[in-house]
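Per-chain numbering from 1; labels A, B, C and D assigned in written order.
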Amino acid sequence: MKVKIHVTLKQGILDPQGKAIEHALDSLGFKNTANMRVGKYMEVDVNEPDRAKADAQVKAMCEKLLANTVIEDYRYELQ
Amino acid sequence: MKIGVVVFPGSNCDHDCQYIFQDVLGQKVEMVWHKETLRPGLDAILLPGGFSYGDYLRTGAIARFSPVMTAVKAFANKGGLVMGICNGFQILLEAGLLPGVMLRNTSLNFICKDVFVKVENAATRFTNHCESGQVLKIPIAHADGNYYTDPVTLGGIKANAQVVFRYCTAEGKVTPEANPNGSLDNIAGIMNAEGNVLGMMPHPERCAETVLGNEAGRLIFLSMLETLHKPQLTVV
Amino acid sequence: MNASVITKAVLEQHKLSEEEYKKILEILGREPNWTELGMFSAMWSEHCSYKSSRIHLKKLPTTGPRVVQGPGENAGVVDIGDGLCAVFKMESHNHPSFIEPYQGAATGVGGILRDIFTMGARPIALLNSLRFGGLDNANTRHLLKGVVSGIAGYGNCMGVPTVGGEIVFNDIYALNPLVNVFCLGIAKRDKIFLGKAAGVGNPVIYFGSKTGRDGIHGATMASDSFDEEAAQKRPTVQVGDPFTEKLLLEACLELMSGDCLVGIQDMGAAGLTSSACEMASREGTGVELDLAQVPRREPGMTPYEVMLSESQERMLMVATAGREDEVIKICRKWDLDVAVIGRVTDTGKVVLTENGQVVAEVPAKALADEGPRYDRPSAPPAYQDMLQALNYDALPDVKDANAALLALLDSPTIASKRWVYEQYDHMVRTNTMVRPGSDAAVLRVKGTNKALALSVDCNARYCLLNPYEGAKIAIAECARNLACSGAEPIGVTDCLNFGNPQRPEVMWQFLLAIEGLKDACEAMNVPIVSGNVSFYNETNDLSIYPTPMIGMVGLIEPADRAVTQWFKQNGDAIILLGNTREDLGGTEYLKVLHHREQGSPPLLNLDTEKAVQACTIHLIREGLVQSAHDCSDGGLAVALAECCISGSGERLGAMVQLSLDGLRRDALLFGESQSRILLSVKPHQEERVLSLAKEAAVPAAKIGTVGGNRLVVQVAGDQRIAGCTVDQELTALHEQWARAIPRALGQD
Amino acid sequence: MKVKIHVTLKQGILDPQGKAIEHALDSLGFKNTANMRVGKYMEVDVNEPDRAKADAQVKAMCEKLLANTVIEDYRYELQ
């Protein structure tokens, strides 16, 4: 099954990358953009027919490796 | 000879490039702030290494929109010598002055070490002091040096002898083990079809002085100066 | 102002004792409000006030003919001639690196860099000292990878080369790793900037990044409406933005090249509070700040949050009145936030207003300098005698020297650190003459005929077993590493990592370590010009080993005399300076082969040490030395192996003959006797070198010859034939040593 | 208006990061994962009341800066 995972910075955590991109957009003439936040998006196939098990596995993958839960949140969808 | 070294926010090899041309090779150097334009009278332009805009988003992606880049493109299109080292190479790619893109190193790590590169084309404006096939020991220092382009473009630049340097072993063999970053075809440096724009990942400015134990990089700068045909070339 | 709710619990959250609170009441003559309480709490914390260490640090020697600025400023400054100074300091970022290794280490690098360029110096080198648990632990591997990539991520982006460091792996650090970072910069002697709020009426200017709610410690209830959501908004982890710091660096240096800057200080620990108080306190002035002018990342921040935020990449400066526009223009050029937030006063107070209301008013000196000082009780730990008692008779001597050597080379503490330093840009700025991998890093100083050598060292196991001797050895070893490159030491910085100072045994370790540092520095004639104390390195009541980390700077002139540690040429004579004794206590050999961390550390005679180092430096300056390497972890056999395999070029073997002279075999091969240096010299200079050593009363003997593709160490006078000599192919030794860390990380 | 942007590597383009993560997942015991691809996810506020104009602007932002269309695809949603 295909899994889509979003990993984003927690609220209040500085996002230097977002800041720099926002600045660049501004100097490109896109003056009306604000609060740019950059995260990761992952797609992966998980070969696990049991949905509940797949769910538990993806959660474990996020907690253990894909997200840095000290500063990042994650969410995912199974398809 | 007057060399322009462009300073982007986050450039950090700008002083090193200045030092080589000015203090080591006795040329004039003008530091060009990225928000300005090129003043007349420059003989060559150098885009130095570093982390322009922190390498945020993609390496070179934001720097290519710096105001100075319009003038750099015009300079290149008129046939002026332009060289991009490391981050400078990445900027040239994003700016479309050279074909292809840089991906993350296959190890995902930043890698700083000496590598060997083979001079694939010694008949260029940047390598005329080298022998064809000569092996140079030059350091790399990057996290995104994994050159990539589509097969058609690759075929084109190969056919056109635009591949200037390839990673190789000390003996000059171009092998996967000698490839530090996963770069397509072991490509370490390429030039444009016209031969006046060069991008290379290794840092020749870090190995052009006896006191640093290696002078291989000097060959590249001497080649450029030779190309610029100025008889008053003095090497101090 | 809401001051009536300062309860016991509130004080506890602010880590203030009742005594300390009484003192605050005395100073203010009233109850503090939240913001003031927070400011006292931060400034009187151990971290900022050095309350447990200050009276003891006074004993350290801090003066000398070269010292331009000793402890007390952002960094120490030492004159190197030619109108130039070396500006350097070391700091810890242990706890943040344990919580979030990447960002913790990255912001540690960011902080030490700011300390250096605040003084007007351009940073030209970083080093780091790391301590982790054993690599068999998954979390340790995670920490190591995170810390190394964090240091790389920040330093590489800044374009400051990370030219050296050291790493030790020991289970004692598993839940309390150490991340100490050292930075050195070069400044013009007449262009040193200090953190002073001078000139009444001068503007106080904030520049750099905006202020967010990062790293606000202590009182989560500081806003009256504390709830889950508010806690969520306050990340304790600071995220570093090296790109902004690079802009900050260039902006600072540009500002400093003019004459509009009066004083400047970075906002490090305790943020705006500490920079404002310290700048005023140093000058005996006051400052008045309008918090509404402080650039903010988030809406709704309270004065408490603004004053205690530890957002990174921020600076506070005092400029000459009337020159504000110039300053603002330069900051804007570098895309930095900038705002005039107040002015210098003569009241001696830090007065904070917001929208016309005074929100805090405290005497600057009281906050910055008049914090509590403690002479905490000290007593040796009950287990100290047991630690030192090592019964040599119960230890079987080494049976298979080859296997023992291979085991030592495989120990990550001894193994090659290439996996680490390849991730650091160690060549940017084109000064690096000797890259990581030799005893000391060497950097030329452009525009002069000089080079600087840098090293960081500490054997914490020695310090555990005998804090006084261990600290002495840390200084001696660091200087010895410099000597091996041909450098004379000119200044020291330290980072004193210890456990909980409220434990008498920790205080005992601390006091003895200070004595050791003092005696060694005085004997070696080198001043301590800056440093840092990191207490409370304990987890689950278990303290780390006392780890007084030493960073030392040495001078080489002329620059091209610098040498490296690996053998250069077949046929060269190998000469050992110094004596080998039965020094097995606290060795890496005992730990790796016998799983013991016990005994007395090797004895150090400071006179001998000095003589050996002076002799080495002299021989190197005379151009008589091809390579020089000191014997440290793993003893003579490991040092010899490193001479053979640590170079990046062709590897050269050696044929060595040693004699037992009544020693145990393991003590001869792997003991860690101090004051020993291995030289290789051209054959025709062998006699000259030996006679110069003799003149200097330094024990010296030819022990072998460079050559071949094996390391062979034969031990004469040993009755046993097989197994007691080392005889290994260099490729095998190299493989073991070079791949040990990747192997342990599962990346081989 | 809030805009969500996904930038992903085009099919067939090597994804060193995806490969490394997949390898790491594997060594953590998640043996049944495959085809990990890592992309970027951005959230940004665009202050443009006219939906059609906002759409055109975001497209321009992606084409010009946010994606390198030689190797990357992008998609976005306006909210």
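Brief remarks on what is shown
Operating definition for what follows: a contact is a pair of C-beta atoms (placed from the backbone, for glycine too) under 8 Å apart; a residue touches a chain by one contact, two chains touch by 3 or more.
Owing to the predicted nature of the structure, the values given are computational and were not obtained by experimental measurement.
By count of C-beta pairs in contact, B-C exceeds the other of the chain pairs B-C and A-B.
Separation between the centroids of chain A and chain B, computed from CA atoms only, is 35 Å. Here the CA centre of chain C is 41 Å from the CA centre of chain D.
One inter-chain figure worth recording: chain A and chain D are separated by 10 Å, centre to centre, where each centre is the mean of the chain's CA atoms. Contact with two or more other chains is made by residues 65-66 of chain D. Contact of a single residue of chain B with at least two other chains is seen at positions 53-54, 56-57, 62, 65. Shown for chain C are the residues in touch with two or more other chains, namely 241, 243-244, 335. Of all possible chain pairs, the ones that touch are A-B, A-C, A-D, B-C, B-D. Across the interface of their complex, chain B is touched by residues 13-14, 16-17, 19-20, 65-66, 68, 70-71 of chain D. Residue ranges on chain C touching chain B, taken from their complex, read 149, 152-153, 156-159, 241-244, 246-247, 333-335, 421-430, 432-433, 444, 446, 559-560, 648. Those residues of chain B lying in contact with chain A across their complex are 53-54, 56-57, 62, 65.
Chain A makes touch with chain D in their complex at residues 6-8, 18, 21-22, 24-25, 28, 30, 32-48, 57, 60-61, 64-66. Within the complex formed with chain B, the residues of chain A that make contact are 16-17, 20-21, 24, 27-28, 38.
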